[in-house]
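Which chain is which? They are A, B, C and D, in the order written, and residues in each are numbered from 1.
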Amino acid sequence: MNPINYLYLSALLFTIGGAGVLFRRNAIIVFMCVELMLNACNLAFVTFARLHGNLDGQIFAFFTMVVAAAEVVVGLAIIVTFFRSRHSASVDDASLMKL
Amino acid sequence: MAFPLLTVTAAVPAVGAIATAAVPAGRRTAAKWLALGFSLATLVFAGLDAARFTPGGARYQLTESHAWIADFGVRYQLGVDGIAVVLVLLAAVLVPFVMLAGWHDADVLDGHAPSRNWRPTQGFFALILLVEAMVVISFEATDVFLFYIFFEAMLVPMYFLIGGFGDRAGPKGEGEQAKQRSYAAVKFLLYNLAGGLIMLAAVIGLYAVTAHQLGGHGTFSLPQILQARASGQLRLSSTAERWIFLGFFFAFAVKAPLWPLHTWLPNAMGEATAPVAVLLTAVVDKVGTFAMLRYCLQLFPEASKWAAPVILVLSVIGIIYGALLAVGQRDIKRLIAYASISHFGFIILGIFAMTSQGQGGAALYMVNHGVSTAAWLLVAGFLITRRGSRLIADFGGVQKVAPLLAGTFLVGGLATLSLPGLAPFVSEFLVLVGTFSRYPAAGVIATLAIVLAALYVLVLYQRTMTGPVKAGNEGIRDLRARELVVVAPLIALLIFLGVYPKPVTDMINPAVKDTLSDVHRTDPAPQTNASLTAAAKESAK
Amino acid sequence: MDHLIGALVGAPLLGAGVLLAGGRRLDRAGHWIGCLLAAVSFALGAALFADMLGKPTGQRTLTSHLFSWVPVGGFRADVAFQLDQLSMTFVLLITGVGTLIHIYSVGYMAHDENRRRFFGYLNLFLAAMLLLVLANNYLLLYAGWEGVGLASYLLIGFWQHKPSAATAAKKAFIVNRVGDMGLSIAIMVLFTTFGTFSFAPVFAHATSASQAKLTVVGLLLLLGACGKSAQVPLQSWLGDAMEGPTPVSALIHAATMVTAGVYLVTRSGVIFNAAPTAQLAVCVVGAVTLMFGAIVGCAKDDIKKALAGSTMSQIGYMMLAAGLGPIGYVFAIMHLVTHGFFKAGLFLGAGSVMHGMNDEVDMRKYGGLRGYMPITYVTFGLGYLAIIGFPGLSGFWSKDKIIEAAFAKGGTEGWILGGVALLGAGITAYYMTRVMVMTFFGERRWQPAPEPDTAPSVEPGIEVHPGDLPHPHESPKVMTIPMIVLAVGSVFAGGLFSINSAFVKWLQPVTGHSEGHSPVTTGEVTAATLVVLAVGVALAWAQYGRAPVPVTAPRGSLLTRAARRDLLQDDFNHVVLVRGGEHLTRSLVYLDHSLVDGAVNGTAASVGGLSARLRQVQNGYVRSYAVSMLGGTAVLVAATLLMRAV
Amino acid sequence: MTGIIHSLWTTAADPALPLDRIPTPKIEYAQLSPVLIVFGAAVLGVLVEALLPRRGRYVAQLGVSVVGLAAAFAAIVALAADGYASTKSHIAAMGAVAVDGPALFLQGTIVLVALVAAFTFAERRLDPLVHGRRVDSFAAQGAAVPGSEQEQRAVRAGFTTTEVFPLLLFAVAGMMIFPAANDLLTLFVSLEVFSLPLYLLCALARRHRLLSQESAVKYFLLGAFSSAILLFGIALLYGYAGTISYGGIADVVSGTARMTPALANTTANDALLLIGGSMVVVGLLFKVAAVPFHMWTPDVYQGAPTPVTGFMAAATKVAAFGALLRLLYVVLPGLRWDWRPVMWGVAIATMVIGAVVAVTQTDVKRLLAYSSIAHAGFILAGVIAVSPDGVSSVLFYLAAYSFVTLGAFAVVTLVRDAGGEATHLSRWAGLGRRSPLVAAVFAVFLLAFAGIPLTSGFAGKFAVFKAAAQAGAVPLVIVGVISSAVAAFFYIRVIVLMFFSEPQPGGPSVAVPSPLTVTAITAGAVMTLVLGVAPQYFLDLAGKASVFVR
């Protein structure tokens, strides 16, 4: 089938992810939504790689995964400490600093 | 290469500032004498400048020129024309008096030392010297950028002088007083900074234009620009010239100050101690008017002529407005401030009347106003510190208890109302004649100010000095030796310049002639000759 | 010889410098130094006069160029002097009368601890006045002009502890400044018209300038003259100026300074001759002031103020004459000189009286003094006869000539002016007789001791203990001698001048002179004058000589009351100028604060408000930050695409 | 650079050559040495953590970082001296990393900044002794819950988070690659390489840990979000051009690339290019804290440990602007007419909002955060002038600004009361009375921010505005001038507070720092004045380094 559809799908996923970041309160879920966005990007990469018939996109996808993994490591660490000190993972609780 | 006299003249006070600031906390008096010494040394060098300057010689003399910031087309380039020499001398002459008058101004702050290296006295005198250095170099600079840098930078020490060592003889309590002070200081700084930043845009514009026309790198060198324009290499489009001119003029008009950009001056002068106020009006503000004469007219002749009518109107308004408000003041220092606004109106009027009398008068006025304001305001300062108040209503009959103080105060006032025989008369009359010969209406309206001046000066004198001694004034002591040393020479100078201003005018005239030729203006010819020739034509027919 | 001119001015200037800068250590010798230097300059003047007489009429003008004062472009003002017959006349008057009054003051100011300062100011005045009359250009004249203004300010306010004195001094200076403004503008016009303001070239080219210009100049000069010579509408200061010590009133506000206006007009004769409108204006001002002063003089009970009124009116005569052009110049000056003698004499007399009456000035508290101070009585009397124009005495010669000249102007103007002058003579006789009688004749009204309720008439600041009665006595020689000399002058000067019209011949080369064809003969004028004179005297005698004079002034007619208040001129000034001015300045102060300053503060405030509002966006919620980011991205993308679209 | 650059991946993908003939990629280690050195030091740091006993770590870590950074700087200088900044500049590592003027200049700046920052990281004199031990501004144990028993123990045991040094070094290495990255992959990876350590560093404050953690969370989530956007942009660019190398994309954009049917298909409409390009730009604008992607800045700056804030504020801006420059000048010059107007808008918004909002700030660190936003706007003005002048002016501004910022934040660490740093402005009242010297130095930094002549701030401002004006962006200059007038107002406010208002009783005291912080502050002050009074040498440097290799 026409690879363009994959692009639409990736765009859709990206949007969903973005929406999640905006609408979900739980830090973990917000973060997962970001991961979703990254994966949307991966899909796009792979699709374009197919389109152009070169491997750059695919390679890039692999890198993205690695990076995403690294992000998870750091992110979870931060979120966990955050959670442990406030017993809540709601990003809306992180609003001591404002104005 | 020749001995860099101008650099040294500016460097001496700068070095002095550092040296003074370095004096350890305990040695207050030592710091004072050190600072005074440096200011006197500056005076010596300024004198040398004047001596080495040959009137009617090259346009810019004692020049120095070194590469500085090639990327910005900036050179460290100094040179003085007659007006600059005179003004440098003025600054160098006034600063020692300012120091002597303010000898004890910082002592109050010395009382409670919150920390080991709390040295207000050292700071006070160091800042004064710093201001002097920056003023001097901005008079000497022949590179627009160099000038601009110090024109802006001098705000900082001035700001600390006003806000940090302000007048404690205010009408309100100390707390309120502190508020007032820092308000005045901030107002001063922001006004001038805003002006300066607008000018920055114009300076950048100037660079862009020159860079575009002279190929590749722009230049800020005044002589180079003048030369390029003379040779037709550089031809500013009238719109560009006007915009850039406005940018420059705005900054200078704030500094000068020109109505309606004047409101920072009364606050600043009211809150600063008298010596600092003198430093501000008599020395620092002169940079503004000087810059109009040098940069606005020389760089942008066409735009200057284009804007002249409006500026003349503003300055005439300023003259009358300032005088009227001076009449209405309750606070001695604010009164003097408004009087100064009126006088700055005269200076600007003279500059933009674009006649040799007008501009010569304006240049002379800068000097005379410096001296007369110094004399009047310093005596006023002595009076205020004695009584601990600056409200006119708190004084009365002082002449009975302190005749000498009253007398000198009167002389200062008479100078301010430009009485013949005292310096300001000559310059004021020149400005008026110069203006009248091209714009009669403006001249006539401006002349009204001589009546108003008499009004505010004499009313002030009457309320404070004459009549029965007012309660609280009995204790006012007459002038001390130190204060006499400050006042007497100033008065002598006033009389000398009033009776024999020729040495100064000889310095100024060639510079004025050059400036006028820059703007392609000649004095209007007396009408009789015209009418005579007309009659001749009639008869010929 | 011509270098002496500089010395002429220099001597008193030196005196002023020494006395004022000298400080207390000169207190003991100060007054003699002052007198000496005044005398020196008189001597110099006399020497120059002798030298001048020695020369043929043609080359009597001396000039001396000291140094170049203000050279800027085409603008050349030099410190240079020009001594011709006109200046010479003034020099002699100023230094002569000046010296006498210096001497008189030694006695009069004996008890004042600031006597040194007083003499310093007097010398300063002499210097300035000499500068005024000797200058060879208008700017230098202006310098002297303002200089005498300063001296008069300092001397009127000499007793600064008296608020009234301080106020009077300030008033005098400021009113004068209004006149000075006219003069300085006149100089500007001259400069723009002729490219110079030195007398010689200006007068040489005067005719080549447009009449309009000359008229403007003339009117402006007149404005200046009005200020200095207390002519309507700028006369209001002279009455108050009497707050100054009496010698000052004698020298400055009677004999010399107030006549500067007449000098100015005469000196600028060439210009006025070419501008008839301006000339007429001069005449009108003179005539009006003549009447004004006379009427005021009739109503005042303060002896000095009465004399001040008369001064005003006499100067009105001079102005009138000067306005008549070549017919009148000479007589203006002649009357000026004679007036200098007798008016100075009268003031000194008044001073002597006050001296004896511990500074009482209210004539209603005098009376019958002739027995107590005979010399004063005689000298004052001679001065009195001179001023009312008693045949043979100075005033007779000069005043009649003016009246005659006024008629000689011809046409209705001539008749009106002449009539006014004639009437003025009558009124003069009336009020002077009044003064004379109230002071020296009648029964004495100065006992018992002044009650508290008379305090107002006593000059405030000078405490009056009920208990020390006035014990009238003759003044010391140092005061009487000058009075005698002046009396002699006021008797004979006029006569001397008129011996085969010597004075006319003397001044003619400078001012020019022409005998106008008078519709009435000299005899007729004289007769008429004598008649009105007699009437005036008789009226006064009837009113004050025969009937006893009430100690407290009666309410009097409307005119009288108005006249007592200087014909309401001050009230007018107060309401219109002072009040108006106060309101103007007050509202301006308010505007400056609220409008000009407010605009700036307003901008600052609005920036602050904007900032506070924008701050709210930073609400601390991650998700809202994310929204702004995503929104921003969307906008950016959209904008980029749009850029491509358009 | 002529000819098409083959990135590692395309050659491998070329079906023409069989798998056994894949050429080994050529890596110019010498030219990459600066980055490699820093990475090496970082790894060494990790080893130190693993192997050395607690006591020795602090010294060892500090030593490693300082030596490593110094060596890296030496290497950079050597390369530049060798001409890699100008004549020999080319693209190393098979097209992944550019070695040219801008890269080296920015790397040099970053390394120096990091060196100074390392000193402030190591400062141990400011906090009072804890159980007789000196402590720095980092948590005893990052994992421990604030105020928990565990934390107590860690403190008692005298733990210290010496891991900050390796983290710092990793971040530095990433930042060094960021402006040098010559293909989108390197760009993305390096972005993450320097971001992740920063997230962690933010969370490690000893005092105010809640705030610190909050800042970390915000920074992390938003950072991840932005990098997702960036990544999607990259994907679209790749989709458009079929390559991820800068040069390749540029060629495609300018139409000089070898056309393949696929390319013809994707380049048919520019939407991909435009959207992708602007999304990548957004990712970078987030890092430079440009409006409207600035909102993380104040919170993160306030919460993070002040030394970290200083480092971030200085180094991140340098790196990010470097990358932005390269992207706009090397990849998208063909789209100039599309992105320039947009950037105009961003620049103006950034200048104005940054300046205006700062007016009402009450916390020193937040104030500096907003001022950094405003400055980002000024720098953007220079970026917009697409000219060598623009590049050099930006480079100069970055160098000048980063040192002022470092110094300013270093001063902030000194002003303390019982609760640690006293960052609320009201506490700074009368500081000038208590310790004139510190207040004076801070005033110098503030004046530099305000762009008063004779400070580096003025020279920088003049340079960028000049470039902008010459590129015809006069309105931008005027807006900039006006907003700097507004900005001046709040810098002045602080000075007024310090000098003209009475010190409040029980106000904060100024701690006497160790030579480390003193060095840092001095370095900042000296640079501020030198670049202000005699900027010519550095302008020359920036001018020489203003040409991008392609």
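As a working rule, contacts are C-beta pairs under 8 Å (C-beta built on N, C-alpha and C of every residue); 3 or more make two chains touch, one makes a residue touch a chain.
Predicted model, so just to flag it, every value in this text is computed and none were measured.
Visitor: Any chains in contact with both chain A and chain B?
Guide: Of all the chains present, those in contact with both chain A and chain B are C, D.
Visitor: Looking at A-C and B-C, which pair shares more C-beta contacts?
Guide: B-C
Visitor: Just the number, please: Cα centre separation of chain A and chain C in whole Å.
Guide: Centre separation, chain A to chain C: 97 Å.
Visitor: Between chain B and chain C, what is the gap in Å from one C-alpha centre to the other?
Guide: Averaging C-alpha atoms per chain gives centres 37 Å apart.
Visitor: How big is the gap, in whole Å, between where the Cα atoms of chain C centre and where those of chain D centre?
Guide: Computed value for the inter-centroid distance: 81 Å.
Visitor: How many angstrom between the C-alpha centroids of chain D and chain A?
Guide: 24
Visitor: If I count partner chains per residue in chain A, which residues reach a count of at least 2?
Guide: 18, 21, 30, 91, 94-98
Visitor: Give the residues of chain D touching no fewer than two other chains, as numbers and ranges.
Guide: Within chain D, residues 217-218, 221, 225, 229, 298-299, 489 contact more than one other chain.
Visitor: Could you check chain B for residues that touch two or more other chains and list them?
Guide: Residues 190 of chain B each touch two or more of the other chains.
Visitor: Could you list each pair of chains that touch, in label order?
Guide: Pairwise, the chains that meet the contact rule are A-C, A-D, B-C, B-D, C-D.
Visitor: Which part of chain A faces chain C closely enough to touch in the complex?
Guide: Touching chain C: residues 18, 21-23, 25, 30, 91-92, 94-99 of chain A.
Visitor: Which residues of chain D touch chain B in their complex?
Guide: 392, 430, 433-437, 447, 450-454, 458-459, 461-463, 465-466, 469-470, 474, 477-478, 481-482, 484-485, 488-489, 492-493, 496, 499-503, 534-536, 539-540, 543
Visitor: Could you pull out which chain D residues touch chain C in their complex?
Guide: Residues 217-218, 221-222, 225-226, 229, 270-271, 274-275, 277-279, 281-282, 286, 291-293, 295-296, 298-299, 337-339, 341-342, 345-346, 353, 356-360, 486, 489 of chain D touch chain C in their complex.
Visitor: Note which residues of chain C are touching chain D in the complex, please.
Guide: Of all residues in chain C, those touching chain D are 604, 607-608, 610-612, 614-615, 617-618, 620, 622, 624-626, 628-629, 631-633, 635-637, 639-641, 643-644.
Visitor: Which residues of chain B touch chain C in the complex?
Guide: 190-191, 260, 262-263, 321, 324-325, 327-329, 355-357, 360-361, 397, 399-400, 414, 419-421, 425-426, 429-430, 432-434, 436-437, 440, 443-444, 447-448, 450-451, 454-455, 458-459, 461-462, 465-468, 499-502, 505, 508-509, 512-513, 523-529, 531-532, 535
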